[in-house]
């Protein structure tokens, strides 16, 4: 409980479906048990089909989201194309490991489709940049235990975008309801090769 | 560490706080338990792995017991305390029968009595999460769950122990249909509550445990489910992954 | 700005002085082993990564490539084993290019130990280094503080005792490649079943003198999850949605139009 990455609270989650990915987060920002904001989004878009989720200490979430926006802008200027999910993953990893002995207290997740092949990709990291490549789902944040339990039981491979939306939403919603530091609204992005759908979920407000 | 902002650990800063050595009477033996009440039955399930640290002490150490009078009980956490608590309760139940001409102990009386057993050690607690299950006086399934010092509540379902945080939200969702709405009602009408059949409950229990086994290192080896119906107590066993 | 940054160090020290502890880094609990055989060496690892008592990754890769024929198995802090291994792999390739020679296992080991010693054990990398080079097949290990060992069979990680029990019982001199693979896989399996920090699958790598190294990713998969009792697919429309917005991704097609009218062709010097 008394660890920097659980002062502000918040959770995020990514899943792979059939030719699509979904990424979701809650909207809470708090100071220990006191809720401060119900509009603190933890997902950041890079290019058309790639997302970065950042949970943990809010100051580091903001700092890193700006660092990565900056690094991504330079990348796009230099390469004249948008960043691939795998490239972003390695960028996140090396940026975090650069601070090996004074880490940012974050638990990032990356989810996206390859710009040309549209192959789904998701991965997660610990606070010092160790990449967790997963084929099914990635969880992060103060409700990570609950999310592991939900995803491990609800998830099945090759879900269509609409079914994936239900599964990721139910996994997130029920997990954050059992975590005092997460909740207060939720956002889900469904990414397919043709479009990106953003849905704001109806959640408990306690 | 009063000057932590100025000093770093590379300076010759000596830590002057004396080190206290003390015997720790508790340990964590892992494992997870789960109870669900149905309309005319109740189940209490637990994995059969007993651990300490990174070692497996036993792959088959039952921790859910039929304590008599169609009451099933488990106390998960520190195994020695769990065993002691259940032994004490079984013993007291025997004396209750001697003193009252073999009268059957109701589940709510058992529940209240266990509160006193736990609170009786308020300042040197049994380090366990206790759950009991049975049928109430109307023949409806009942599950009671406790914290280590005896605060208790009757519930429809409860997970306890190492993987409680993994299983509990799953139960909210699949037993009490939390966050589920009727399709086409635009999130206005909640999915209607209904009692689950025994078969449905057993499926949920098996999936809850196999999922917990995947993600929690303290859960695995075997799953033992005790089922109470009007016909008495029945036991089922299913293997779980052993890694 | 070469090297690692310490910018957040004082802030984090302040935070821990205020009673906020450090978060848990992913650790590879781990069983890793290595064993020599007649004309080569085998290393193997399990594939479980843990964060405390939770399994963070069920099928992670703990076998890292240092050079085409030098591989290493890593235990300890996952990020450190990965990064230290990538760094030494890069330097080893530069070294091989500069010297115009095949890199040697002892060179890799020396680079690793000097790097780890420099960091006084703060990089939590425990590695079994193995490979073949012009001087033969080698099996070595290095601990986080920089100390190294040489042996015909070795094990490291939380499951090292379970694995070593198997190695001590069944190791023979001059085994065949198949025997060595079997022994290593058995040793890892012992860790998978008996050590809670290890689990899932067995990865294996064989390096034989005069041949290319062979990586057997998921050589054994004794822990495939059985099918669930039920499907938990929800009816569409189960989740309540407040608002929705859709952004379409447009494919921009690019075609090059050639102006090939010969009359307008620019004159150029032949």
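A, B and C are the chain letters, set down in written order, and residue numbers restart from 1 in every chain.
The rule we apply is simple: a contact is a pair of C-beta atoms (placed from the backbone, for glycine too) under 8 Å apart; a residue touches a chain by one contact, two chains touch by 3 or more.
For clarity, every value in this text was computed on a predicted model and none was experimentally measured.
Novice: What's the farthest chain from subunit A if centres are computed as the mean of the Cα atoms?
Specialist: Result for max centroid distance from subunit A is chain B.
Novice: Can you check which chain pair, A-C or B-C, has more C-beta pairs in contact?
Specialist: When B-C is set beside A-C, the one with more contacts is A-C.
Novice: Using the average of all C-alpha atoms in each chain as its centre, how far is it in Å between subunit A and subunit B?
Specialist: Distance between chain centres, rounded to whole Å: 32 Å.
Novice: Could you work out how far the Cα centre of subunit A sits from that of subunit C, in whole Å?
Specialist: About 24 Å separates the centre of subunit A from that of subunit C.
Novice: Cα centroid separation between subunit B and subunit C, in whole Å?
Specialist: Result: the chain centres lie 38 Å from each other.
Novice: Among the residues of subunit B, which ones contact at least 2 other chains?
Specialist: Residues 179-180, 187, 207, 214-215 of subunit B touch two or more partner chains.
Novice: Going by the touch rule set out above, which residues of subunit C reach two or more other chains?
Specialist: Residues 9-10, 54, 228, 232, 234-236, 238-242 of subunit C touch two or more partner chains.
Novice: Where in subunit A do residues touch two or more other chains at once?
Specialist: Subunit A, residues with two or more chain partners: 145, 148, 153-154, 170, 173, 202.
Novice: Touching residues of subunit B toward subunit C in the complex: what are they?
Specialist: Where subunit B meets subunit C, its residues are 1-2, 4-5, 8-9, 30, 51, 53-56, 162, 174, 179-184, 186-187, 191, 202-204, 206-207, 210, 214-218, 241-243.
Novice: Using the touch rule from the top, collect the residues of subunit B that touch subunit A in their complex.
Specialist: My answer: residues 163, 165-170, 172-173, 178-180, 187, 207-208, 211-212, 214-215.
Novice: Using the touch definition up top, name the residues of subunit C that touch subunit A in the complex.
Specialist: That would be residues 4-12, 15, 19-26, 49, 51, 54, 56-57, 60, 77-80, 82-83, 122-123, 228, 231-236, 238-249 of subunit C.
Novice: Inside the complex, what are the residues of subunit A that reach subunit C?
Specialist: Against subunit C, subunit A makes touches at 2-5, 7, 48-49, 56, 96-105, 124, 126-134, 144-145, 148, 153-154, 156, 159, 162-163, 165-167, 169-170, 173, 193-202.
Novice: What residues on subunit C touch subunit B, complex-wise?
Specialist: 9-10, 13-14, 16-17, 29, 48, 50, 53-55, 58, 158, 192-200, 222-223, 225-226, 228-230, 232, 234-242
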